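Here the structure is laid out as structure tokens; the discussion comes afterwards.
Note that the chains take the letters A, B, C, D and E in the order they are written out, and that residue 1 is the start of every chain.
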Amino acid sequence: MPILEHLWIIPLLPLLGAAVNGLFGRTWPNKIVNSVAIGATGLSFFTALEAVREFFLLSPEQIPWVRQYFSWIEAGNFRAGFDLQVDQLTVVMLLVVTGVGWLIHIYSTGYMAHEGGYYRFFAYLNLFMFFMLILVMAANYVLLFVGWEGVGLASYLLIGFYFLRKSAADAGKKAFIVNRIGDFGFMLGMFLLFRTFSTLDFVKLFDKATPLSAEPIGHLGTLTVACLLLFMGAAGKSAQIPLYVWLPDAMEGPTPVSALIHAATMVTAGVYVVARSHVLFMHAPTAMLVVAVVGCATALFAATIGLVQTDIKKVLAYSTVSQLGYMFLACGVGAFSAGIFHLMTHAFFKALLFLAAGSVIHAMGAEQDMLRMGGLSKKIKWTFRTMFVGTLAIAGIPPLAGFFSKDSILLSAYQSENGDPNVGHILYAAGLFTALLTSFYMFRLIFLTFFGKERYDEHHVHVHESPKSMLVPLAILAVLSIVGGWLAAPAFWGKPDYFAKFLEPVFAAPGGTEAGTAEAVAHALEWPLAGVAFITALLGGFAAYWLYLKKPDKPASLAHFFGAAYRTLLHKYYVDELYAAAIVRPLMWLSTNVFWKTVDVSIIDGAVNGIAEGITVVGDGTRRTQSGNTRSYAVWVVVGAIVIVAVIFWPHVRPVLGVAR
Amino acid sequence: MFPRTDDLLRALPELIWCGFGMLAMLLQPFVRSRHFFTVLALIGAVAGTAAAFVAGATPGEGFYGLIESDVFSFFFRLLVGLVAVLVVLAADSYLERENLPFAEFYALLLFATAGMGVLASTRELLTAFIGLELSSISSYILAGFRRDSTKSSEASLKYFLLGSFATAFFLYGIALVYGATGTTNLSRMDDADPGSNLLKLGLALILIGIGFKVAAAPFQIWTPDVYEGAPTPVTALFSAGPKAAAFALLLRIFASVPAATHFWFWAFWVLAALTMFAGNLGALLQTNVKRLLAYSSIAHAGYILVAFAAVTFMANDLNGGATPAYAAVLFYLLSYALVKIGAFTIVSEIGGWGEKNLTLDDYAGLAQRQPVAAAALSLYLLSLLGLPVTAGFFGKFYIFKAAVNSHLIWLAVLMAINSIIGAYYYLRVIVVMYMREGSAEAMAVPAVRFPVAVNVVLAVTAIGTVYFGLFPNQVLNLILQPNLIAR
Amino acid sequence: MIPTNYYIVLSAILFGLGVLAFIFKRNIISIFMSIELMLNAVNLAFVAFSQAMHKLDGQVFVLFVIVVAAAEAAVGLAIIILTARNRQSLNVERVDLLKL
Amino acid sequence: MGSLFQGGHLLSILIFFPAVGSLALLLLRGDDHVFIRRIALIVSVAEFLFSLLLLRGASFTSGDYRLVEYGQWITSPPIHYHLGVDGISLFLVILTTFLTPISVIASWSSINHRVKEFFVMLLMLEVGVIGVFLSLDLFLFFLFWEVMLIPMAMLIGIWGHERRIYAAVKFVLYTMAGSILMLVGIIWLYNATGTFDLPTIQQMIQTGTLVLEPRAEMLLFLAFFVAFAVKVPLFPLHTWLPDAHVEAPTAGSVMLAGVLLKMGTYGMIRFCLPLFPEAARRAAPWVAVLAIIGIIYGALVALVQPNLKKLVAYSSVSHLGFVVLGIFAFRTISMQGAVYQMLAHGISTGALFLLVGMLYDRRHTFEISEYGGLATPMPTFAAFFLVAALASMGLPMLNGFVGEYLVLLGTYQSHWAWASCAALGVILSACYLLWSYQRVFFGEVTREKNKTLADASGREKFILVTMSIVMLWMGIGSTYFTRRTAAASQAVIDLVEPQRPFEARVTRDGRSVGQPVVSGTNTSPVAQTSSTAKGANR
Amino acid sequence: MTAPLIIFFVLAALAVGGALSLIFQRHPIHSALSLIVVMVALAGLYLLLGAEFVAAVQIIVYGGAIMVLFVFVIMLLNAGIEEHTNFSKLAGFPGLLLAFALTGFIAATIARSTDTVQAASQPGNMASTRDLSTMIFKDFVYPFELTSFLILVAVLGAIVLAQREKA
């Protein structure tokens, strides 16, 4: 088992790439830089493949396969080791991350070819790969947290890649800080877990947690609180309400970054963590419900905003948020494997979409506003085709990947009876409506971009198809987006859903909501629900077609008709403004005027200097007694005499000095 | 009825000092050389100081119990002798600069020293009075030694008037004590009734008289003026010698008069508190360094009085509970004398002809102009401030210890507060010397090259300050004994 | 016979008057005189006590005090002359160059 | 405790070697600056190497003192020359000896007048600080504590910036005000015990031969604590810090932030807790509150500072708050964290000050508004600055994280509320550091002057690389340190409140070991923690 | 009321009166003369107390030497009527009040506490001058010698201070 013994190689390779490029890449030509970067990622991809191969040779009891490399933090009964772990869940994540990541690296060589700071870009990208791999392979929460923060750093750097643009720098900062807010919860979650179980290693911790009985719904037991705190972190990382605000801004970064970090991998870390901690969540139905509701709400909410955005990347960003919402919905209703499944397919088609969008932007010469596009389908065929595939996939048109994953989520949602039998149906309805919106805005994107008449002048913009290095990854991803979902296809014919089956050893552990009981019901509902889903998708597509191809002037009038609503959507429900007004500005004002100017300068320092002042004044007074007049001096002597005599002869003046005792 | 040899031996230092004083007077008409007299005075001072060992070697009472040669008097004789030596060295160049009559100066200096010696060794109030007058009158004259300077003469006048005013109180106190106990010999008052109001009053008046000499508030009032007006070497003498001697007398009185029991610590408590604040607060805004040091010497008198409070508090404790407090006083006086003489010597050197440059501005940028002087002065100031590896630190430490030992926590806290206030103005001088750039003309002044004698003074004081700051053991072993003051 | 404390009280009064005079007078010479007055008061006390206790040393003290007073007088008057020379006034209140 | 002078004189050498060096410097002629600098560098580096011998010299697997030197110094009162090193002081000493050469190099070209005095002061400062960390006799400790004062004041006052004198005097007076009371306290303690010897007094307290009545103990505790709190500085007593830092020269700031502040927290660990455990326990809640206020308050004030150096200074207030919190949470983990945080903060904040100083050397201003877009002219510098900033905001795999995490984790074990509030500091630190970083380095270059700024020079690179490597090492190889500090801090904790393993706690709370706190019907975490807190304070 | 008592009161009155006039005379000469009155009165009291040697010395040294010296200096400096400046606020009313308070207190204390001494007091038997001298030259020889130095100092001081600048 060479690789499984030395799992550390997988993350280390990108790190080396990052180090080499970061330290020496400055002076190197692009060729060497990107060969280093791609080499590193590719290598780790194949290493991962090898690892997976070996993994399949393991006997079940060897799983989860944990290797401890060195002890990182030790204090008292607390130990955080650099321990890596491989189980089915890890395998999925591992392949997605390395695979998609590699493709995107390749794509980037084309996309970034003309950018400055080439070496920096790839160094960051590799760094990201390293931390992401740490995240998915970590065997304890602390190490996971390392990856967690690390990817945050990487995304900060990459969003702020064009640091000359203030917007970019702001976006990067925003991303990091919002994530920090999430991490705050995550850390507290860890602390609480450690206080309860006095370990943070997954295996030990879950072993201790499994025998516990689940906490009744609506009850804030330790586990519930811990799970909610963890979910807070997840919400930060995966851009869920209320911490989603950073993701749209994150589109300031280069498009490949958006594809890799803000669509395919990093943002799904939250989902991964929830899935990873499913044992705890299974014991905390309240938390589960919260997760489901938040996820569902986010999905719907983001989708609505997506409807009206005109920036091609913004649309995709909000769709990402919404899709992430789906995944949480899945987890929330206990369909963890479904969530992970969607995570995977989403990684394929969303990466595809972003890259295609990038290709479009590349073709248009850095134009992102869809209102200045149109009719590109002829000019950039391959881009169009691949992107169309992606759209079909996300819209949930069978038999593409999105259809299966989304369908299994809706199904589980429909079945869930967490707390109240109707909960499931509500969630299902919301999810379904979201699906409608999704397909609408995606097709809207397609029609605005590729069909209709050109809304740009050819003289300035000469559209050109992207280089091979960009199209090949597109193609591959397109294929994946098509076939990626077939793993689950057998479920329709009563056969086991291979993907779920594969993950079963991970998720089947506790309550057993996964598989088993669900199976039977599932089979009965499979077809009708799928049909419904399909129809909604078509509806959405048709609506878009009708509005943006048939009656191109309709949207404007509609927008005018629903003026208020439209503007609200356009301004993303004014959430950013709200945060600024409710939190940021007050805090700033408070810090400046109250804490610094008042408390620090006026009160504390004022007091200190005031005392000094006072003493000086008294000192001046004392000096004045030194009048220089001998007669007064004589009087002073007399005064002294009286004082002494008084102290000696009248004991009752002494208690005035009683403090002396 | 010629006195016995032992008596003479026990009084030897004073006799030698006086003898050399006379010698100086007699030779004054015949010898014109300054150096001759300097050497003469030096020999005299040293000889007297050496004689202290002789006297110390023959312990016991002398002259029918008027004087006592014990460790206590030994220590103080050494101290005042050392002061005399240093002042002679410091004065030498000063006298030339200001062209003052040197023979008389040294003579008076030696007589004053003799007076202090008497105060240190006497055990009888009348003798003490004579000694006090001997040193005081010499001091009056020395204060006014720069005849043509109005300031000097004014200082002399004020010192004289107020001094004799206080002396009158002291004397009246003696009278009352005599009336109450039928004797003026401290060692014969054991059977006196401690409750007697007459005795209390007498002691109170004596306390007033001595309090004036040691510049305890509110009798400190004369100090700044006199210190400022007097010729600087004389100021050095005042701040070190007479004060130490007066404290010695006070200590002996309150150590050996049974009536001066416990409750007297109240008086010292008040005096100490007042004095500390008077000194430190007054110094806070001083821009004249000489005057600033004067105020600081008031403050330090206050600190010493804290130790006195501790002493008197422990008065009833017969098994040597007060010993550390005594030691504190003695050690502090030693460290303080060294520092003050050093500091004033530098002031007198920097002062220049007619003592013109005394303000802080004249010290600006001193560190560049005269690094050694600046370093030395900072060392002294730090010692006054009570920072470690200086004798001043241990001095303060022992006083704190004595105070806490006598449960005078609050007095200790007051002292702590005062140390902070004091720190401010001491630091200000250092700051000026090191952190301010001197004014153009100040920097233009060529570096004054100190005479050898002065350098010797600085060396002795500085080294002494550091040495006692690191290894106080010898001194402590000397003064930390229950029979420090023979009863 | 005359009670001793008559004498002592008298001495106290004289002493007090001396203090009073010191504070009240402006002319330096007069101030110095008031000091002499105080010393005399002390002497009276000494003599009275010695007489009361049949001890001679009290009177010895008086002699010493007188000598000291003489010495003081010599020096004091010299100082006064010096001052008078340096600034043409004998008013103690005008001698206040040194202050604060 | 060791016989007379066991284990050689390494500690004495450590203390007095710099003093010898500075004396040598004093004897040199003042004008040959290069030579002076070289000497200073050699001395400080040699000192650093000596300090490394400590690691060989002794193993730190148990809590007691190593390389003890013990000799009679002053007979009455009995004061001993008693030195010793344990896990806690070990790395603080090394930190000092490490930062000194760094500061020497840092001031290589920025100090040009009165060079000799400067390095003399720097070395004397080192003497004082190391003395503080190594002395085991209360009196000796106090002596060094005060000795360190003057060189620092001089560094600020002579080589500082505009308001340097104000800052210097403020620094000294603040510190003295605290320490003079400590002196009274020390003497009081002496009267109670008859010795100044720390280990002896500790034994007395452990064996119960010395029992202070509560009020006296509290007063004593305060006498010590205030002195240390000023140094740390703890919340209301911190206002000297910004002034001192802003006015001090780079080297001064580095030493100040890197080492001097640690003397305060070190004092708390070494004296406040072991000597007055009862009082410490009673004061803990208040102290913790102050610490937490300090954490958040410092961060918030830092957030809005227009002055870069002041910002870093306030960040120290915030970071040291973590240390104090960790100490007064009385948990093994948090104590470990506190000790580690001391070291980490020394490095990362030291680095930040160095970087700020380098900026100052180029532009002679600390105003953030004067900068902007510096990443373009000086990318390398920007990169190092980012590393330092990240370390300071506690990014995992860098030194800042371990300490903070352990402190919070440990604190949470017994006081979840404290930890939760304190954890807000983690968010805020990211805010102020990233924001200032953006304002300084990102965006277009606004000022004409900044367009031509030189990137990090070779010497600067050397410093920064060294610092970065240390940060990285401390971030990853933390066990190298914690294994050595563990025993000592455990010993301290045992004195204050012996720690029970988790299961024990559960059983005491009446739950079975198997099913910890979360059995079917259980209390809310609040209730639990309060119960456990009660348990802890039993 | 026996004769000595009457004499005492007369002398006491004289002394106090002299002291008062010392205070209230505006011209130093008059003050000096009134001081002489006081001294003479005291001399009388000494006689009354049976210390005739002291009385003699009082007249000779004090009344004779010292006061003459005073008068001489007054003449030398031809000091006129003293001007009544009131620069010192403190020395005005409050000062006098305090002085009175002190005096009153001291007098009162003494009056209350000298009874013990008074009991011992009886008709003054003349102290022989021989005993006095033996005491001075035996018991108090040390201070006596010291006084000689004191005189020396005084002379020295007078020379140093009062001598005119040598041209």
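Keep in mind that, in the parts below, a contact is a pair of C-beta atoms (placed from the backbone, for glycine too) under 8 Å apart; a residue touches a chain by one contact, two chains touch by 3 or more.
Here the structure is a predicted model, which means the values were calculated and not measured.
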Smallest count of steps, each to a touching chain, taking chain B to chain E: 1
For chain C, the least number of touch steps when starting out from chain A: 1
Longest centre-to-centre distance from chain A, chain (CA-based): E
Comparison of A-D and A-B (more C-beta pairs in contact): A-D
Chain A and chain E, separation of their C-alpha mean positions in angstrom: 102
Separation of mean Cα positions, chain E and chain D [Å, integer]: 72
Centre distance in Å when chain C and chain E are each reduced to the mean of their C-alpha atoms: 6
Between chain B and chain C, centroid-to-centroid distance (C-alpha), Å: 26
Touching two or more other chains - residue numbers and ranges from chain C: 8, 15, 18-19, 22-23, 26, 31-32, 48-49, 52-53, 57, 60, 64, 68, 71-72, 75, 79-80, 82, 92-93, 95-99
Multi-chain contact sites of chain B, meaning residues that touch two or more partners: 126, 130, 133, 137, 140-141, 144, 147-148, 156-158, 161, 165, 176, 179, 197, 201, 224-225, 424
Numbers and ranges of chain E residues touching at least 2 other chains: 87-88, 91, 95, 99, 102, 106, 109-110, 114, 117, 139-140, 143, 147, 150, 153-154, 157, 161
Contact pairs between chains, per stated definition: A-B, A-C, A-D, A-E, B-C, B-D, B-E, C-E
Touch list for chain A against partner chain B, complex: 612, 615-616, 618-623, 625-626, 628, 630, 632-634, 636-637, 639-641, 643-645, 647-649, 651, 654, 657, 659-661
Parts of chain A lying in touch with chain D, wherever the complex brings them together: 70-78, 142, 145-146, 149-150, 153, 156, 160, 163-164, 166, 169-170, 172-173, 176-177, 180-181, 183-184, 187-188, 190-192, 194-198, 208, 211-213, 215, 220-223, 225, 283, 587-588, 590-592, 595-596, 599-600, 604-605, 608
Contacting residues of chain B [partner chain D, same complex]: 324, 368, 382, 387-389, 393, 397, 400-401, 404-405, 409, 412-413, 416, 419-420, 423-424, 427-428, 431, 434-436, 471-473, 476-477, 480
Residues of chain A defined as touching chain C within the complex: 623-624, 626-631, 634-635, 638
Partner chain B, residues of chain D touching it in the complex: 74-77, 114, 142-144, 146-147, 149-150, 153-154, 157-158, 164-165, 168-169, 172-173, 176-177, 180-181, 183-184, 187-188, 190-191
